[in-house]
Amino acid sequence: MFINYEHENSVYQVGIEKRNNKFFITYDNTEYQAEAEEIKPGYLKIKIGDKLIKAVVTEGEKEKYVFIDGEIFRVKPIPLTGRRMSTKREEGDLRSPISGRVTKVSIEEGNKVKKDDILVVIEAMKMEYLIRAPYNGVVKKIYVKEEDQIEIGEQTVEIAKED
Amino acid sequence: MFKKVLIVNRGEIAVRIIKACQELGIKTVAIYSDVDKNTPHVLLADETIPLGDPTPIESYLNIPKIIEIAEEAGAEAIHPGYGFLAENPDFAETCSKRGITFIGPKAEVIGLMGDKIAAKKTMEKAGVPVIPGYHGNKQDVDSLVKEGEEIGFPLLVKAAAGGGGKGMRIVDNIDSLAEAIESAKRESKSSFGDDTVFLEKYLDKPRHIEFQILADHHGNTIHLFERECSIQRRHQKIIEETPSPVMNPKLREKMGEAAIRAAEAVGYTNAGTIEFMVDGKLNFYFMEMNTRLQVEHPITEMTTGVDLVKWQLKIASGQKLTLKQKDLIQRGHAIECRIYAEDPSNGFLPSVGTLKKVEEPSGPNIRVDSGISPNLKITPYYDPLLSKLVVLAENREEAIQKMIWALSHYIVLGVTTNISFLKKVLAHEEFKRGNITTHFIDTYFKEYLQMKHGLPLDAIIALAVYDAMHLRKQEVVRYKEADPHSPWRYVGRWRVGGEIDVH
Amino acid sequence: MFKKVLIVNRGEIAVRIIKACQELGIKTVAIYSDVDKNTPHVLLADETIPLGDPTPIESYLNIPKIIEIAEEAGAEAIHPGYGFLAENPDFAETCSKRGITFIGPKAEVIGLMGDKIAAKKTMEKAGVPVIPGYHGNKQDVDSLVKEGEEIGFPLLVKAAAGGGGKGMRIVDNIDSLAEAIESAKRESKSSFGDDTVFLEKYLDKPRHIEFQILADHHGNTIHLFERECSIQRRHQKIIEETPSPVMNPKLREKMGEAAIRAAEAVGYTNAGTIEFMVDGKLNFYFMEMNTRLQVEHPITEMTTGVDLVKWQLKIASGQKLTLKQKDLIQRGHAIECRIYAEDPSNGFLPSVGTLKKVEEPSGPNIRVDSGISPNLKITPYYDPLLSKLVVLAENREEAIQKMIWALSHYIVLGVTTNISFLKKVLAHEEFKRGNITTHFIDTYFKEYLQMKHGLPLDAIIALAVYDAMHLRKQEVVRYKEADPHSPWRYVGRWRVGGEIDVH
Amino acid sequence: MFINYEHENSVYQVGIEKRNNKFFITYDNTEYQAEAEEIKPGYLKIKIGDKLIKAVVTEGEKEKYVFIDGEIFRVKPIPLTGRRMSTKREEGDLRSPISGRVTKVSIEEGNKVKKDDILVVIEAMKMEYLIRAPYNGVVKKIYVKEEDQIEIGEQTVEIAKED
């Protein structure tokens, strides 16, 4: 079986089979043989030869977290049947970096804007986040209005690029 | 001593205060908004009363509702913690009028120190050095721009009512001054209901060093030495330590005296903090006074052996301060790290979600002031501080080692935290040498914060083993049926597009 | 400093030592018997090596196996903790012969101090006062009975190789002396492989007060003040505190000097403890020297700010002791409670079982040195110590309050513990006054221990609600079908027969 | 439904019904109405009028534990269909107070023993427990031999009383 994990915009593909209480993990053209025990939910002891890996794995709503060697990593499992998901922002696609409340919308559809103009102000946890124009252009579409609740990753505005 | 105290706060500081009360035999009343129903402070308190709507203004800032609760519960005193109503003179005043002891200084003192401009003027008069700047009444943008030009750049725009970096902007040149003033005013207005700002000279190699004060109602004022709080991100402290690596006995004495003078000048009572800026030549300037318990109070407690919260309660109930300045000794070196639900590589933006696993480090001289537990939801309503990790060791080097160990054993899964970032800061050579300023993060971590660090092999293996153990049958089948000739057959790492461009 | 250390122990002390090593950058190797496979010390260590059979002699006492493990793992040093091989001169000797540093004093010193008779003679020679008694070679019961008659009653029969109350008997009159000697010999033989006993005068109002010692390999010896360890059950300490309520500066200086003299007389190195008996007139007598880390070392660490385990590692690796006697200060008041899996109302018999829930108290100046976690099996193979709860406060009264709070927030479900009993001791008026002797428990708690305390209404309600939520369907049905006319219909409390008579 | 809990040799009988998310608890001729929530496994918040009870309940192999108000209580649920279980020791029934190892058996069947004679020595957790004769008598039966493992409550010896 093959699983894909996305981390920091990279996708890691790994193969794993369980046979006779042993795990066979294939990654980057190398196979690792492991014995593993889940000592309590999410707490793993994995033995590969002499080496012992201790890890804690947990599932969030859309992501998985793994604690290992004093560090925590967040990954998104990608369904095998899905297509490549681009997480690159398109130019002119201005998504909210945070879940919060829209406190100000400075523009209207059709307005001309200059690079770095403030378009939308979002407040979350008592802090203010400014969405600015990435380049000169025209406001094509506004998805939010003042006092809206907005989720992380939700689009705020579309700007058609002009020079 | 009081028989019952209402704690008007939530999270780690509410827990801290409840514990101090309970140890002194004081019954505690906790309040909680809908999203805080089963948080640690609620589970710990002796009585709990719901506030409903989680919006701060409807819950932990709702003065009429809170006063009503205090009266119904029969609380003789209110501890406000920090944030929320801790520095609200109207609240202190209302408490006093209704015969409830506000655990803090008098309302007038809170009011005076809350107005940053008036505070500076008072301190100047008392002979405490202040930073050059404009603290005037001309609050229109044009006048402020003109005043700013006179003071010179770099320059700090600061909300008069602000704190914790809110409504604060650094401006490098005249071109961006107007916009910074406007934005600071807007943020201040929305956070504090007041858009007065002031301007200040921005110092060279600035350090933020503050002195802890305790003052009783019998004319006794002492200081409990300094805290070095220079390590900040977005003008918010993230690592504090004591003693300050730059401090010497002479400077400590001078600054301690100035701190006591400042407190006495306003008739200060209870616990408070005088914040100073110290420049590269060890000149120090009064910056502001925090008329409440500080987030970072534990490092003072660990090095002096004094329980500040218990003393707040004792002082507010009229007891005499039995601690004498000459008997106080700093011993060892303490460091605090603030554990935030935030993403350092995404501009320190707060992270929300449900905590799936929480396991906090423990050991000799490791203290965790925590407000979290497994299954807790981190919401966008309140400050994203999860807990404070504090260590004490015989010297600074061992304290840093201990803190790195403790951070490496802090398991919080379910939201993104700054734990890994804090470790990198502590392990930085310049930090180890004590060469720190308030610009430390910007100077040394700009690149780091944009770097990708990759997923180590062991993590990949652990994830795969976990999934092999846990994937439901149909999922496994689906994988097994995958076409062996598909491009997905390749096992390894590949990169998606480019970087996420959070502009 | 060492690169890798093997910890030859288990439970809380192994955890404590591993943390100290890791903070200093030392890799740790843990060993574990079959029943300890997933205990905290194993999960924390950098490397772990199985010992198999849980019988102590086959596992944590198995010298050849342990030496082999140390060599294979490449450990440069061994930390023995306390108990097991910590005071076994053969083990220390074997380590030294195989080129492994034994973290403790030299084998000869362990041997000398392990022989209680030789130890007393050495101390007498060094001018340290000792208790009148018989430490001779005539070990037949008749001779010992005759010697005992001469010393007078009450009298203590004590295993020469003993410790922690094992092989110890108090005898009030000549009639029961012979049987006590025989039983002590039997127990000592089985525990230590040696049945030599000695006899001692049993003191009036005796207190057990000990001094902590640190000595390096460069001729520096310091003491870190006293620990009051009088509160004991079955001759085993359960509550320790520092400072001792009976101590005064003059006595402290005299006893401290005697402790240093005692350590220097035998060329002591590393951490050790001189145990004294102090009588009602504050005369003090050398009792024995523990040539290892004590269970109760944390209270010294909390009041002096010194990390004893780190100093053990530093001293063993040849570093100089940089702490000076004159710089050491006791600050505040610390108390330790030993949390045992045992039933106080059933003769303190150990309790075995599986820990279902574990939630340890936390807060400022609360330290839990713990070796447990949920789902851990408590087996009869080893000492039933679960953890040590330690608190520090500004004074004794607040320390007691804090400890009672902490004990009230210690959740360990699945075995019977002494937590509730410890609270009762701390809350006792005579304890609060500091009027304690080694007879405290016997004097004040004989009745308490036989009392029934009843099940409070809230507990009955909680159990019933829990069962209503959780009972499986068929169980519920069975209950519902119960005859409404049966005598079981009566709802309330009734008593079964008489007491359980554990003769 | 009725449940019986044994604690310190007393039996507590309590009636409980759940109707419409409320619990009706009957004990000692009083009925209590409660609302209850299990906030995580075993952690209960129970509201009776203005009063809030916080408790932690857990099940061992044969017993239940409840943590309440800083105290821990161990109870044994008693099946309703069972008979009264006498926990009183019969005279001459000498059960082991501890799980451990038999290190010494000082008597043989048929021996005469005097009150307080040591019959059996059991070692557990490095401590020695002595089983003594409760009265003068004759050893009727010995259930253990040296080196046996013995469980708590297991019988060691039977003594026929004599005067």
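Of note:
Lettered A, B, C and D in written order, each chain numbered from 1.
Note that a contact is a pair of C-beta atoms (placed from the backbone, for glycine too) under 8 Å apart; a residue touches a chain by one contact, two chains touch by 3 or more.
As the structure is a prediction and not an experimental result, all values here were calculated from the model.
Should one ask which of C-D and B-D has more C-beta pairs in contact, the pair is C-D. Rounded to whole angstrom units, the spacing between the C-alpha centres of chain C and chain D is 27. Separation between the centroids of chain B and chain C, computed from CA atoms only, is 40 Å. Rounded to a whole number, the gap between the C-alpha centres of chain A and chain C is 51 angstrom.
Chains touching one another form the pairs A-B, A-C, B-C, B-D, C-D. Against chain D, in their complex, chain C makes its touches with residues 166, 183, 186-187, 190-191, 234, 346-347, 349-350, 352-354, 356-357, 359, 380-384, 407-409, 411-414, 416-417, 419-420, 423, 452-469, 471, 476, 478-480, 482, 488-503.
Residue ranges on chain A touching chain B, taken from their complex, read 1-18, 23, 25-29, 32, 34, 36, 38, 42, 44, 46, 48, 53, 55-61, 64-75, 77, 80-81, 84-89, 94, 97-100, 103-104, 121, 123-132, 134, 152. Against chain B, in their complex, chain C makes its touches with residues 16, 19-20, 22-25, 298, 301, 305-307, 309-310, 329, 331-332, 360, 362-365, 367-370, 392-394, 398, 401-402, 405. Within the complex formed with chain D, the chain B residues making contact are 38, 43, 47-48, 374-375.
Put simply, chain A touches chain C in their complex at residues 39-40, 45, 52, 54.
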